[in-house]
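Presented sequentially are two complexes of chain A, the first with chain B as partner and the second with chain C.
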Partner chain A sequence: MPAIKTYKRPVDGWWRRNPFYTWYMVREGSSVFVTVYALILLTGLWRLTQGQEAFDAWRASLASPIALVFHVLALWMFIMHTLSWFKVMPKTMPFVRIGGKRVPDQTIINAGKIAAVVCTVLFYVVFLWVTP
Partner chain B sequence: MAETRTITIECLRYNPETDSEPRFQSYDVPFTDDMSVLQGLQYIKDNLDGSLTFRWSCRMAICGSCGKMINGIPQLSCQTFLRDIFPARVKVEPLNNFPIVRDLAIDQSDFLAKLQSVKPYLIPKDPKPVSAGTFKQTPEQMDEYYQYAQCINCQLCYAACPQYGLNDKFIGPAALALLHRYNADSRDGGTAERMEVINSEEGVWGCTLVSYCSEVCPKGVDPARAINQNKINSTKDYFLRFIAPKGGR
Partner chain C sequence: MKRSNKPIFWSLFGGGGMLAALFGPILVFITGIAVPLGLGASKDAMSYQNVLALAQNGLGKIALFLVITLFLFHGCHRMYHFVHDFGVHVTPAMKAAFHGFAALGSLAALVLLIRVG
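And now, the complex of A and B:
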């Protein structure tokens, strides 16, 4: 068969063409904030090993306007990250059956969201409990 | 007599013999409430411009031939109605991510080769003669694959998949969903044969769970789920080969 002349259209800027793709990019991009935040916490741990003075300096640096803006942004990104990943969670697991009936995807998504809220609240309770 | 209104249909045109790149051409099409985008295109071909080229066959969302990008979204043109788009214009383009052969018709050969590579047929676990009777299956066993068996090979999911757009070596949503449809079937024994496709770089690991494939599927198939379940299977396959007899298969 002779080769057919075809035309393939470029895919540049594909993630801006559809809101679905843009949200996908937000989901993926939010992991950058998760990484940066983890590094900030690790730095805190490292400063703690250097004594109280070093740790206090680290804490003081978190009160700077740039750090505060970053925290607000990071919180928003963490919420996006959590919600967007729980949204696709059912797709990453085999069908779950309880009493022979398949658990609907939305139930799995909701369970994930509830677990996230419960863990967050529990963390704060423990935090307030151990804080003098 | 149903009310007739006029809608503008903008079609991507490409003639490989004369055009270096595609262009848009607009047509004013009278339509009634019961007309699909496909019927709009047929009106153009019959009355306005006989050279407009597009694929179609059954007109009832079962053959999977008439998929197009309609206002930027991969849809079956027989299932999308002009009344729902009016008064806006309808922009019809060939499915994204595929080479255009002419106008709205894409080259499907890449998909067909991929479909063949996943061995989309039952490879019986224990072959038995017809005289031995049918293979039996419980409703629960059928439920494991039934949804994936609804695929009509319309390729909307490929047009929805940015990973396929960026790298057409990726086996892609529909072929991997059909691969899983047979692997998940209790009568099938071909998993080991299909594992090579799953494990390959062009297999399930090419997917980054954008999951738009599952959104656009006109038949409620969930290719993103099939692919991502097989990431678990691929991981198990990789590790079990070291510890389990026969690689855990």
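And now, the complex of A and C:
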């Protein structure tokens, strides 16, 4: 078979040319942090099943500088994820109609952000309430 | 026509994305910053006894399972599309690898949550 279409357009650094693309890459890049965070929790669960000594070693590793740096970056990426998730929500969900009128995009975005704040506060309050 | 598996993976992606958008930041703050540093939370909040009690509780099991599996499926699905932005040509085998990784992690979470009692 003859080789066809051998030219590949270079893609290096295309996201640096325009701030819109940079934010797109931040948004998509949050997936790496979400995945690694899930794996950290999964590791914790695995260490938990191995007993107290193993679990305490996992907890100690969370207090290491590299883990703390990762989690600070991850917190920023998760917040970016929250903001972008609700920003695109009017495009990713079906139209919502109330009284025959389409709910404006900005209302949906704001409702999502308010829901995130409410969930965050509620979770933190319940967490403080149930832990010593 | 062969049925598309897209709705399944998109639902898992969407569910994980919503869970991460609503609870992700506070989860990362608590488990990764507040508790390890004892800043805004007690260092003992994630003691062996506390986390064991959470993992042995029915609702706690469901919460842990949902967070781990949905975050994995959300992250892996998005990373699969993300590599294309770096000029990597994606293939069905890569799609299977990314989703398979999330599925394996989920299976591990399930087994561990059963084994923890």
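Side notes on the structure shown:
One rule holds in what follows: the second predicted complex is superposed on the first by the 119 of 132 C-alpha atoms of A that agree within 3 Å, B and C clash if a C-alpha of one lies under 4 Å from a C-alpha of the other, contacts with A are read in each partner's own complex, and residues count from 1 in each chain.
The definition used in the following text is that a contact is a pair of C-beta atoms (placed from the backbone, for glycine too) under 8 Å apart; a residue touches a chain by one contact, two chains touch by 3 or more.
Keep in mind that this is a model prediction, so the values were computed, not measured.
Which of chain B and chain C touches more residues of chain A: that partner is C. Of the two partner chains placed by the overlay, chain B and chain C both lie in contact with A:Val11.
Looking at the shared chain after the overlay, A:Pro94 reaches chain B, while chain C stays out of its contact range.
When the shared chain is aligned, chain B comes close enough to touch A:Arg102, but chain C does not.
By the document's definition of touching, of the two partners only chain C reaches A:Ala38; chain B does not. 8, 11, 15, 28, 92 are the residues of chain A that lie in the contact sets of both chain B and chain C, per the superposition on chain A. Looking at the complex, you find that chain A touches chain B at residues 4-9, 11, 14-15, 17-18, 20-21, 24, 28, 88, 90-95, 97, 100, 102.
Of all residues in chain B, only 14, 16-17, 19, 21-22, 72-73, 96-101, 107, 140, 143-144, 162, 165-166, 208-212, 214-215, 222, 224-225, 228-229, 231-232 touch chain A in the complex they form. Against chain A, in their complex, chain C makes its touches with residues 14, 16-18, 20-33, 35-37, 41-42, 44-46, 48, 50-52, 55, 64, 67-68, 71-72, 74-79, 81-82, 85-87, 105, 108-109, 112-113, 115-116. Chain A makes touch with chain C in their complex at residues 8, 10-12, 15, 25, 28-42, 44-46, 48-49, 52, 55-56, 59, 62-63, 67-68, 70-72, 74-75, 78-79, 81-82, 85-86, 92, 112, 115-116, 119-120, 123-124, 127-128, 131-132.
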